[in-house]
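In this document, chain identifiers A, B, C and D correspond to the written order of the chains, with residue numbering beginning at 1 in each.
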Amino acid sequence: MQKITILIHCKDQKGIIAAVTTFIAKVEGNIIYIDQHVDVEQNVFFMRLECEFSNQNKSIESIKEEFSQTLAADFNMSWNLYNQEQKPKMALFVSKYDHCLFDILGRYSADELGVEIPLIISNHNDLRSVAERFDIPFHYVPFTKDNKEEGEARQIELLKRYEINFIVLARYMQIITPKLISLYENKIINIHHSFLPAFPGAKPYHSAFKRGVKIIGATSHYVTEELDEGPIIEQDIARVSHIHSVEDFIMKGRDLERIVLARAIKLHAERKTMVYSNKTVVFS
Amino acid sequence: MQKITILIHCKDQKGIIAAVTTFIAKVEGNIIYIDQHVDVEQNVFFMRLECEFSNQNKSIESIKEEFSQTLAADFNMSWNLYNQEQKPKMALFVSKYDHCLFDILGRYSADELGVEIPLIISNHNDLRSVAERFDIPFHYVPFTKDNKEEGEARQIELLKRYEINFIVLARYMQIITPKLISLYENKIINIHHSFLPAFPGAKPYHSAFKRGVKIIGATSHYVTEELDEGPIIEQDIARVSHIHSVEDFIMKGRDLERIVLARAIKLHAERKTMVYSNKTVVFS
Amino acid sequence: MQKITILIHCKDQKGIIAAVTTFIAKVEGNIIYIDQHVDVEQNVFFMRLECEFSNQNKSIESIKEEFSQTLAADFNMSWNLYNQEQKPKMALFVSKYDHCLFDILGRYSADELGVEIPLIISNHNDLRSVAERFDIPFHYVPFTKDNKEEGEARQIELLKRYEINFIVLARYMQIITPKLISLYENKIINIHHSFLPAFPGAKPYHSAFKRGVKIIGATSHYVTEELDEGPIIEQDIARVSHIHSVEDFIMKGRDLERIVLARAIKLHAERKTMVYSNKTVVFS
Amino acid sequence: MQKITILIHCKDQKGIIAAVTTFIAKVEGNIIYIDQHVDVEQNVFFMRLECEFSNQNKSIESIKEEFSQTLAADFNMSWNLYNQEQKPKMALFVSKYDHCLFDILGRYSADELGVEIPLIISNHNDLRSVAERFDIPFHYVPFTKDNKEEGEARQIELLKRYEINFIVLARYMQIITPKLISLYENKIINIHHSFLPAFPGAKPYHSAFKRGVKIIGATSHYVTEELDEGPIIEQDIARVSHIHSVEDFIMKGRDLERIVLARAIKLHAERKTMVYSNKTVVFS
């Protein structure tokens, strides 16, 4: 039994849902999940479908071809069709903080994330031993003001060599270059340690402490050229009070960062996110 | 522009979604919301649609008729089709606690709930003045061991007279008779002051305190003959600790009861709930 | 049995706790609650005590006098001593939104807040009927660019006449004057409809929607001259997703506003809040 | 600078707080944290203190001795005094589930828990490789109906050899014997995968699914002879809906189990928990 996931967005038009569902019926698919959303302001239609095909004579490629030439053309759709058996390949970028790395690799070992992790890239050597414990190739790629171009070239070379589909910045503490961002548009996930848009930039826990908030947060988002301004995928929060020091904020925040990043990875890996107008549609 | 909501459930079958969406397209409706769910274990299909019709020549009645004779018959559907302009009529049953009553009437005054409240029924006279403040007819219907039949008859007579669609027990402290339950099957909403199935029955806050839980809850559910065992619509929780007394639990619980009941009322009023196998599907 | 609450803050010094608790023992009080906090960065000590006195011969006034001349002088304390039987008097300022008003008056009727509400002041007449339903004097005090001084004078006159201890802005949509703020320093509670410091200013739900956040919030804080920058008392949040419109944000936000404001009122009324360095210590 | 933590409970009596704080002042300690609780129903007093001593001439042992002979005797206290530099030694019991194990070892590597983990005991060999990755001795101790006594003897022998202070059952799937429970009274922490007391026993996610709850939970508690009835340390919850299968409940539950267990370990390790009447006082 073949299973596919289809993501669609296009201008909202009458009859799209009927057309799509009729197409699936025609190619002898069985819809096991359908979700749809209309952004009324922007007049954009979004859809996510999961289908099963028991007809062995019809390949996913031929369905894709047919979809492309009929429906997708008729409605001028942006779309993707994924074979559910192909796990996306994810690269991990890390620096010195290890809590998100441990969490991701623990989940990866327990097969929770639905991804392949062929490599870890870091601008420091500190976490090499963690990578080795989990038998994942670790590549030290220095990245400083002075070697930006060289660093970027090395990153891109590795990402290509390992056929990476998306990138996760697990508290990676360096800038991502515009070129890399454009190569992986809406495919680089960052975890920011505050409830964005409150406290962007560096040292958000210190800022939160200073402001005396009663709730702290973490935000996972796709990386864009504007720092901490990309489309938000997931957020979560924890309560704090006057008894908590900055260090307590940081410690509580680690759990938020772990969980919010893990959820974002899973949503992306299961092709449940779509980006439009610097916002996400998350079919969960 | 006419707007309708359709709720459907039936045995899961291939092609239902395509058939329904094609039907809507045929009668010149525009689907503005579609959600669907398949209970894989039980092999049951659920769907909720909202549609707009700009064709003034086609009445909702005629669409209903056509739906009934074609689709509904073909797929052996249980279904309902609602005109969104008709607000459901809700009866409030209360006893002596006033916090849920105040909350519901405050929301009603602020037009948040999407219902009509033509009457309040109570087995005590204590809350008459609250009802009067909000200009809602208040009917005192005594209900004790000794006058059950009389009380039930009076309740049913009032519910019929005011053409009540559903009933909300806002901390009503008396049993609902099997006859009334069967007349309003899956249409009587209760708020239970615990996180069901923990602590059913009387004095749940006292039981929760005794057990030393760190979280208390409230549960709104449809009333069935089995006390506190009906299909759950909504639940929420609040954290407690050793510093809280039973009285603190009760006070914190009041906010839970208010919010959880208000959400359940709104979900029901907007026809977002469906019941199957003593569970709810809540399209929210 | 007399019950008092004492709030203290002063420079952190060795032996304060021992000195205070020994004092209470000496005047034959029984400590039923003690909580303390040290702001290590600022080197400030905070304490909240609740005590019972069964000795009928000792008046609260005499204890207060003794405390003032010994302990408070020795440690150079800022302090307050409250008789728990005296409920604080609270003025409600409203404009046109009624949801917080209904919620507060519902809680007030149910005697949940531990305050007296002798009057409501509004710059519009819209909510007069709500006030009347709850039998609370309603004063229409216009406040525009052109009559600021007159409006402020009228507000202050009313607050004095009713001996108001603190003010609650229940979605009051006008500026509070610096003079009124200084008369009621750390005694004016506002509810802001966002998770501050994200989205200060007007239309925060619209800004949150535009940014595509996955969580919205509300913040209650003491009013200072810097708009939306005062010490935060309480915050809470609700999850949102792409399916929610701005109108949904606003509707969900109403529940946040209600609850967060009610909690802040209760904390203030029970003398559980202290302000320092534009932050609050909340002993809850 | 020496730092100690003192935990006290005894019958509630007048003047305890003053006596304790005066004692600390007398031995030249500086209280940096004090928290206290009175269980009014049971008339029991609880206190937790953290103190610093800069006087190098006074050993912790001598303070302990003095405390024991004066205060502790006068008020008939149950008490413990801990040197904050001594990290408690914790044994991990596991079976086949690895998610809590990975999480704990990740946190341990990141030095978040404040414990030593000298050994892991398991009734299966499956997780040996995980232990080895983190360089922690792994002991396979079979435990079945037929070898209970032998298994228990081996467990106790290991716990003694490694001088274990407390035990964490990280989804250990075997019964703990009464003898072991009595040796480690209120020192064995279990994680149960439901919101207790709802769904005790086996397969709680299946039961929760069947009941149609909208919220699932996890509970960490001290182990007593009554299965799943011990004093609750911490609980947390996650929302679910009709779209989630049992498998989704289990997956979401893994995060709850991880976090709730990690919090309980940290609270216990920092000596913030006290047990009384099958409930916990948690000073956090």
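Going forward, a contact is a pair of C-beta atoms (placed from the backbone, for glycine too) under 8 Å apart; a residue touches a chain by one contact, two chains touch by 3 or more.
None of the values given here were measured: they were computed from a predicted structure.
Asker: Over half shared numbers or under half: where do the identical copies subunit A and subunit C land at their interface, same or different?
Answerer: Mostly the same residues form this interface, as more than half of the numbers used are common to both chains.
Asker: Between A-B and B-C, which chain pair is linked by more C-beta pairs in contact?
Answerer: Spelling it out, more C-beta pairs touch across B-C than across the other pair.
Asker: Whole-Å distance, subunit A centre to subunit C centre, using C-alpha means?
Answerer: So the centroids are 42 Å from each other.
Asker: Taking the mean of the C-alpha atoms as each chain's centre, how many Å separate subunit B from subunit C?
Answerer: Inter-chain centre distance comes to 36 Å.
Asker: Send over the residues of subunit A in touch with two or more other chains.
Answerer: In subunit A, no residue touches at least two other chains, as defined above.
Asker: Per the contact definition, I'd like the list of subunit A residues that touch subunit B in the complex.
Answerer: Spelled out, the residues of subunit A in touch with subunit B are 14-15, 17-18, 21-22, 24-25, 30-32, 34-36, 38.
Asker: List the residues on subunit D that touch subunit A in their complex, please.
Answerer: Subunit D reaches subunit A through residues 98-99, 102-103, 105-107, 109-110, 112, 130, 133-134, 251, 254-255, 259, 262.
Asker: How about subunit C: which of its residues touch subunit A in the complex?
Answerer: It comes out as residues 37, 39-40, 195-199, 211-215, 217, 231-237, 241-243, 245, 278-282, 284.
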